Amino acid sequence: MAANVAKRVLVVAGAGNGSGTGAATARLFAKNGYHVALIARGADSLNKVSEEINAAGGQAAPFPLKSYSHEDIATTWAAIHERFPKPEYEVRAAVWNAGHGVWKPFLDITPTDVQECLDTSVAAAFAFARHSILAFKENEIDPTNGKRGALIFTGATASIRGNVVTSAFSAAKHGARALSQSLAKEFGKQNIHVSHAIIDGGILTDRWRAMKASDPSSITDDNVRLRPESIAESYLYLVNQDNSSWTWELDLRPAHEKW
Amino acid sequence: MAANVAKRVLVVAGAGNGSGTGAATARLFAKNGYHVALIARGADSLNKVSEEINAAGGQAAPFPLKSYSHEDIATTWAAIHERFPKPEYEVRAAVWNAGHGVWKPFLDITPTDVQECLDTSVAAAFAFARHSILAFKENEIDPTNGKRGALIFTGATASIRGNVVTSAFSAAKHGARALSQSLAKEFGKQNIHVSHAIIDGGILTDRWRAMKASDPSSITDDNVRLRPESIAESYLYLVNQDNSSWTWELDLRPAHEKW
Amino acid sequence: MAANVAKRVLVVAGAGNGSGTGAATARLFAKNGYHVALIARGADSLNKVSEEINAAGGQAAPFPLKSYSHEDIATTWAAIHERFPKPEYEVRAAVWNAGHGVWKPFLDITPTDVQECLDTSVAAAFAFARHSILAFKENEIDPTNGKRGALIFTGATASIRGNVVTSAFSAAKHGARALSQSLAKEFGKQNIHVSHAIIDGGILTDRWRAMKASDPSSITDDNVRLRPESIAESYLYLVNQDNSSWTWELDLRPAHEKW
Amino acid sequence: MAANVAKRVLVVAGAGNGSGTGAATARLFAKNGYHVALIARGADSLNKVSEEINAAGGQAAPFPLKSYSHEDIATTWAAIHERFPKPEYEVRAAVWNAGHGVWKPFLDITPTDVQECLDTSVAAAFAFARHSILAFKENEIDPTNGKRGALIFTGATASIRGNVVTSAFSAAKHGARALSQSLAKEFGKQNIHVSHAIIDGGILTDRWRAMKASDPSSITDDNVRLRPESIAESYLYLVNQDNSSWTWELDLRPAHEKW
């Protein structure tokens, strides 16, 4: 069965409450013909995102999990493969967008804070990457882009810079970035494309809207924060890059960001 | 006159012999509705690229120059503005793809080698950037992507790493990269988008074909060298990124590149 | 009581089997008048290193721990403070040299591998750093170097680059490096100096000697691997740097290393 | 004649007005037994620094030059070799501390600004490095540190980051940094040690004193700017590092610097 006959599946982890990068990516890929498997911890909001995509004519399925432990991630991927079995379906893209953020002076950070950052942003990324790579290895090389699959990590400013209140967060984000680089080097040779996007600015999520309620221009002005839909466009671009010239890392920031 | 009514112009410096990144970018932008102003030192090949684009239904004009001195660059831009005057035309994109490469052990490098690298890859980049920025500042913000214009620098592995035979080349490429970062920070606030693409691998140019004549797979295999057309796609993507989430830097390499 | 009257204490974690960076640092600081508190998991070799330093006229004490859990690290630091109480003693330097290395293709890496890397090289580094910083904050500023204390992290090539068999190791080492940068930024203002040394090459340990038994020149030739004593010299230099010009990061490699 | 019998010579370019890094390095090396050859454009202040070192019991000689052209640099090195001939003397250390700074918005930068930055901070650095390397290659390996010679480049924040008013300055400083990395890789194998120091903060020079006259604490407080003597200490440390563990790059900043 040719690669271009099977239905393409995107797996997104960290679809959050539906207002962020994960959900925007799911929506955009759904519009572009992908079936989308949505992973997140909150079943309710996940179901909502899934239903919304289906109502808009897309094909989505929610896979809520209790935790980002490697066991739960394995169970979730098993369920995804059951719902989207080969050869009818093929997982061709995966986005690791989950994570745990802590912003505190170093001496206020608890062992639990550190553990949660490492568990969710690093150990879980290893587990998710493993299942993504294993799924991609089952695919033939897609003649349209020369790849078996594409895995994208959502990074942050903290992925490349430790700062005063980001010791735990940046340690974890640096770890995930290193993982993405190792994978890009190891699996490029197998035509599996691994990328890392450094999101260097605030993202217009529901949380941002709540936080910035008193400063309306920071909500309405595209120059000062990233639209999740725009990040999703860059993810689609990365997935579509062909094997002669693909990107491990790019940065994304609003036009007026100071950096 | 609204931004979306004027005809868009792309200015490309370093269109080379027609087989590389500059020419491929010109062709792709021409197919996407841009008028293209082609700059290079070799008038013959430049005319050929220009004619070929026009024959294919595009709109191109050649602007050969004698040298990449700041005077010649100024004269060239004056000619471009005369050929593509406002308000009928607007320069909306510019690609700095010129450069001078030297690969020699350090003690074999002459003062002239150093000077030519710095002149062509740094000083000329300053001059080209100046005219690009000045042109963009005349534009209204384009409502489709939130920017006045986009300037892209073609970088190389040597832009981020000095190596044994690249002392002169990498000094110059590091310089141009620093320029691109300074510009990105200064002019982002004015909705002018400046990017830098690290081309980390060999590009399938005529020169590559000649050099690799005895190793056919390095010519035919997309996994081992970059297609100029594929680099051009990434440049078009960068130009189209909107102001909420744009990229200063990305790397581009073939799938099987060792890095 | 003036800072220069109390006896200076160095705490080293990861004194290993006595042949590596941690033990060499302990010996060098002991020769320079520091009392040294040695932390490692293997009590036998730790006792040996400690006795050897004492036999040579130094002042050392072993603090073996069962694991690098934050509880065991807390218990160990309590024991150190009991053994070296203020105001007679002051912890003025700390070196985090522990870690867990895994070199495997990604798909061979187990969840346990990932966990051990993150536990030992990141979470434990957070705990050790916490106790170091808390100890330093009790000190007056030393008039000889303008600091309350100095904390050094031993890094590796993998701290700045993910590679084919280092996904787990480099994820952890990147995390510790990010921590060191966050700390340097947060606590520099309190005259606490945090540094990170990138060891970019093989270290002449017992393990190296065993591994390279068939290639004697890689053991005897200083140009091809790092001497632990030489790394220790750099750590002493970092601790002695004054507050007007101190270093967060330096790299260290043998003269003939390819990089 | 054994390496340790010849008198060691340090060549410093950019000894400025005597209040900065170059002069402080000359003084410190003179105290440590080096004969110092001082290079700068201003003969008067250069003579003063030289006399002052000699009055303090050191051995210095001034080599003023008209410009940092490669011809003038060649002439200067010929004069240095004449004054400090082999085998009585050996050039064992060289510091490139010259440069030209421009801090202006991009559109205010003139072609002359760009040219002066590139000439002084890059092209001249190539010429100076060439003569340093050629001199070192004449030396035997020094048994005390395993090297033929050490060349240090003074870098700046702008060496690693382009910023709003530093386009010309940072382009040049990036270039010199790339050169230093290429040299470190090429000549490490010949036991020639090349380093780059990123000075990330203001230096307490006469210029700083004048600029900060209204803010006395920024002059007196070691936490907020670098003492040239402290930078010089780091240069001496770099020169003394042995061949098993030497440094290409370190950063230096005051304790309270925000970064």
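By letter and in written order, the chains are A, B, C and D; residue numbering begins at 1 in each of them.
To be clear about the criterion, a contact is a pair of C-beta atoms (placed from the backbone, for glycine too) under 8 Å apart; a residue touches a chain by one contact, two chains touch by 3 or more.
The shown structure was predicted, so the numbers you read here are calculated from the model rather than taken from an experiment.
Under the contact definition, chain A and chain B share no contacting chain.
Distance between chain centres (mean CA atoms), chain B to chain C: 47 Å. Rounded to whole angstrom, the centroid-to-centroid distance between chain B and chain D, based on C-alpha atoms, equals 35 Å.
In chain D, the residues touching two or more other chains are 185. Under the contact rule defined at the top, the touching pairs of chains are A-B, A-C, B-D, C-D. Residue ranges of chain C in contact with chain A, taken from their complex: 70, 105-107, 109, 111, 114-115, 118, 122-123, 126-127, 129-130, 133-134, 158, 161-168, 170-187. Chain C makes touch with chain D in their complex at residues 146-147, 185, 188-189, 191, 193, 204, 222-223, 225-227, 230-231, 233-234, 237, 241-259.
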